[in-house]
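Labels run A, B, C and D following the written order; every chain starts at residue 1.
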Amino acid sequence: MKLTGVFAPIPTPFDQDDRPDTNRLCAALAKWIARPLTGFVLLGSNGEAVLLDEFESDRLIVAAREAIPSDRPFIVGTGRESTQATIRATKRAAEHGADVVLVRTPGFFKSQMTNAAFVRHYTAVADASLVPVLLYNFTALTGVNMLPAAVIELAAHPNIVGMKESGGDIAQITEVVANTPAGFQMLAGALSSFYAALCVGCVGGVLAPACVVTEACMRLFELTQEGRHDEARRLQHHLMPIAKLLGGAGYGIPGLKAALDVIGYDVGIPRPPLAPAPEAAFEALRAAIVALEDRFHEPAAR
Amino acid sequence: MKLTGVFAPIPTPFDQDDRPDTNRLCAALAKWIARPLTGFVLLGSNGEAVLLDEFESDRLIVAAREAIPSDRPFIVGTGRESTQATIRATKRAAEHGADVVLVRTPGFFKSQMTNAAFVRHYTAVADASLVPVLLYNFTALTGVNMLPAAVIELAAHPNIVGMKESGGDIAQITEVVANTPAGFQMLAGALSSFYAALCVGCVGGVLAPACVVTEACMRLFELTQEGRHDEARRLQHHLMPIAKLLGGAGYGIPGLKAALDVIGYDVGIPRPPLAPAPEAAFEALRAAIVALEDRFHEPAAR
Amino acid sequence: MKLTGVFAPIPTPFDQDDRPDTNRLCAALAKWIARPLTGFVLLGSNGEAVLLDEFESDRLIVAAREAIPSDRPFIVGTGRESTQATIRATKRAAEHGADVVLVRTPGFFKSQMTNAAFVRHYTAVADASLVPVLLYNFTALTGVNMLPAAVIELAAHPNIVGMKESGGDIAQITEVVANTPAGFQMLAGALSSFYAALCVGCVGGVLAPACVVTEACMRLFELTQEGRHDEARRLQHHLMPIAKLLGGAGYGIPGLKAALDVIGYDVGIPRPPLAPAPEAAFEALRAAIVALEDRFHEPAAR
Amino acid sequence: MKLTGVFAPIPTPFDQDDRPDTNRLCAALAKWIARPLTGFVLLGSNGEAVLLDEFESDRLIVAAREAIPSDRPFIVGTGRESTQATIRATKRAAEHGADVVLVRTPGFFKSQMTNAAFVRHYTAVADASLVPVLLYNFTALTGVNMLPAAVIELAAHPNIVGMKESGGDIAQITEVVANTPAGFQMLAGALSSFYAALCVGCVGGVLAPACVVTEACMRLFELTQEGRHDEARRLQHHLMPIAKLLGGAGYGIPGLKAALDVIGYDVGIPRPPLAPAPEAAFEALRAAIVALEDRFHEPAAR
């Protein structure tokens, strides 16, 4: 299962009654599928997965699976706090057609989350999973940091095929890449350090802004692949404003949904306790998207 | 609903197959009920609530409700990440007999958890709840800090009767107590600062070590109530070793289950990814319990 | 050397040319000496000690020593980053008449500041010092936390007589008090947790707000000493606004100088890169001081 | 003043009596000068500058200036906590022959160190300096983070020619490079993210390991300059062990002095409170240096 390229972490649309709206999800997916995306991640952090129950999760997986062509990798987030629940969610996702599962670190009991705990957890999940497993470290949200030592040990498991690292600590990413087999696929999770992550050895990224400025994200990937580093560096520079606006310290998920509204996607507002983005976010995002389009004389988004 | 006193946050026993074991829960509850505890908290952080699914939670509530006498407050943790799921869990807990619900702050989307988000979330929950609501701030686990400004605003809600603050920032506790009505009941969550918290205005505590050294915790509360501050201070000093061993930076939930094993409770081991406490924990806890008993010439635990 | 009571950490006045102004220092000291303060700390954090050179420090010590009566403990801050410089500053302070030195932890090379490093550093300083030494932990400024284990070991040194702990972690304070000899004097550094700190065993405090609302700070100390805990608690509550405004997360040193300006002390503005407090600080501080006076029907400051 | 390349931050040798040893400094400099280093930084963090007094600093500058050829940029660290002292140190360094000064952010009064404070501080220093000024951000040691907004504003000052950023937050580095003029020279401070920093637009680095594995550091720079990214990435991977051992979370300055001892430099041990590196550090460093040499079939160090 090759994961080289740019993946979009799909947001979850909710209807008027705060229920997941699979119709709007499929309509949006149809638009994303027409754009140059390598594949899709459902029920990631940006999919508000922690705000969904198991039934809602299943419904969304089934709907997305039908919408996504079989030649585009369909990755589903199945991380839960308990090992048992993670295994159950992982099995159901596979039964519903996930190609790969993306398993966020448990993080509630922070001081207990040692390297050994991560190794036990992921080994149990990977042993039980019917599809390949991606590790997933997102310290800014979970409050725990799965260190290279644990990742390097887990990379030897035949059913663990790679990792999404959402943090921007490029030294940590480098240490993992330098000490795992060539087949262990490292995906970056932050657009603001995407070019640097590719340089040090990531094979691609799962980037929230790729839902919005898809073409620019894909071009950054391709420029780097082709060794056109000066152009890649410049494009990374141009992407900084939108990366910042949509990043964790920016407008977050409400901002992602606002940006999608700006470019004509109908994905609604976040589920409470998340609130819709403020009006200022819409303006700033519109300006950043337009500025990016202007720079490249071509649509950054459609 | 008066919450003055010492509450035990009940751990959840699991059986050989990693399923909640209501029989062992009820047997342990029978022992705790015979000890001087004001009331009980089920499905708190120490109850490994985040590792349980909704069905398991319901079963545990039903079992505990039958075991706990109606004159002892029965508090149930119902915090979830989404407002909707929190409301549903809150309603079910009330239907199953909870006297009060304890609602941990959502904390996954950290940068979005503003004062306004907390106020919206808790207002919606308290509006919908059939029983009184306790706020619950536990920064060390959630990674978010609900500041006094939000708490002070929420204290005006007729269905929000108090708060559990698990952090040891005594200034923050003081600021809340100083700016909320007399009826807003503040409960401390950390034994290591319990005496100080009572001094500045907490009405009691929900203390993991109260499951183990129940009598000493209750005596610390009573000494403070009676104005016997010199004795209270000394007792607080004597409780520091066990407070540290069972605290977040100590052995945590595995340590609590180990300590209960040491004193003859049968509550098993934690659910993975949590691991059983190491052998050193058992030894250190046994020594600390014995030292405390020796000092007081009476059983600290039975 | 008994350090029981309330100490004022004296700010350093600068003249128009950004030089320390010993005349204004002595004029202000004369006013403080007339108020109920146990003693004085010169060249503490609030004295902007890290912004002064060695000559300036010496001049200020000499001037203050002449102004302060011999029956009021005169404590001088002598912490430097190197052990050698700390010893030199300590010796000079003693020669110039300091009764006690207050030695802040070195903190620049954070990862190197182990318990062992602190023990070596303070042992060398205490061995060399001609006057008693107070340890000084201020994590919010230094970025390092000298843990109880190091303090407990150092408390055995005959020339180390106590500690100023500026953090509000009441459990850490309790652990130190519980494990050091009765003669080891613990002083609190934060007004916002002063009452709690006294409850758990501090013998007094070095409190920036004691420069401003001296009488209220001293009364809080006395009420606690006399076992009048209900009154003490209420007074602590009333002191929260000013504690917050002058605390580290408030207006800091610029705020202290602003508050002193409000009550008629002439101590000027901070040394750059510190900037004078904004106008809003003056207003907020004036309001807080007046509110405190109103509550007690007596001047909180003169 | 072009700063493109690899700079060595020179450690300060101390003699038996804990005094700076200019003879040993000059002997070591002679060896470094013979190696492919673009230039030298004296009195940086690795030079233990915060442990030196003003007289010692001056003596070291004078000695190093004589030893270093005029065609190799000679950069001197002159950051102090007060603006005034920084200006004085900056002027003295220029008088003693510094080509450029490297001015670390003040960081003691953390909550006061706003963007505005940084802009005022550096503007005053740059206005007064007779030589070009480099900004210097080192959050891990100072506890403050000078954000891109402040840097971008300061980059317009004609006497501020660049910045050393010792943190590994590649997004922050990218944001600065993307928003400053081409002539604003960004230097990386961490070997573990050096290649990535060069990719996003740094013109070089000031790297402690460049004192030890000079040739490998310089080659990493050159490979990136020449667009040989695959080789550069591999070399970065090979440099990770030594980068980690000498980094802030590794053995720090004691480790740097140990590594220099391993390769035959005589720079002694650190000044207290820093302690010599443990024996394990020597072994680990020796192994890492040998492994690097083996990989490249050529001396990584001489």
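Methods note: a residue touches a chain if its C-beta (ideal position, glycine included) is under 8 Å from a C-beta of that chain, and two chains touch if they have at least 3 such contacts.
For clarity, every value in this text was computed on a predicted model and none was experimentally measured.
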{"item": "Chain separated most widely from chain D, comparing mean CA positions", "value": "B"}
{"item": "Chain centre separation (chain C, chain D; CA means) in Å", "value": "35"}
{"item": "Whole-Å gap separating chain B and chain D, where each centre is the average of the chain's CA atoms", "value": "49"}
{"item": "Where chain D touches two or more other chains at once, by residue number", "value": "none"}
{"item": "Chain contact topology (line, ring, star, complete or other)", "value": "ring"}
{"item": "Those chain pairs that satisfy the touch definition", "value": "A-B, A-D, B-C, C-D"}
{"item": "Residues on chain C engaged by chain D in the complex (per definition of touch)", "value": "18, 45, 50-54, 81-85, 106, 108-113, 116-118, 120-121, 124, 140-141, 143, 248-249, 252-254, 271-275"}
{"item": "Residues of chain D that touch chain A when the two form their complex", "value": "168-171, 174-175, 177-179, 190, 192-193, 195-197, 199-201, 227, 229, 233, 236-238, 240, 243-244"}
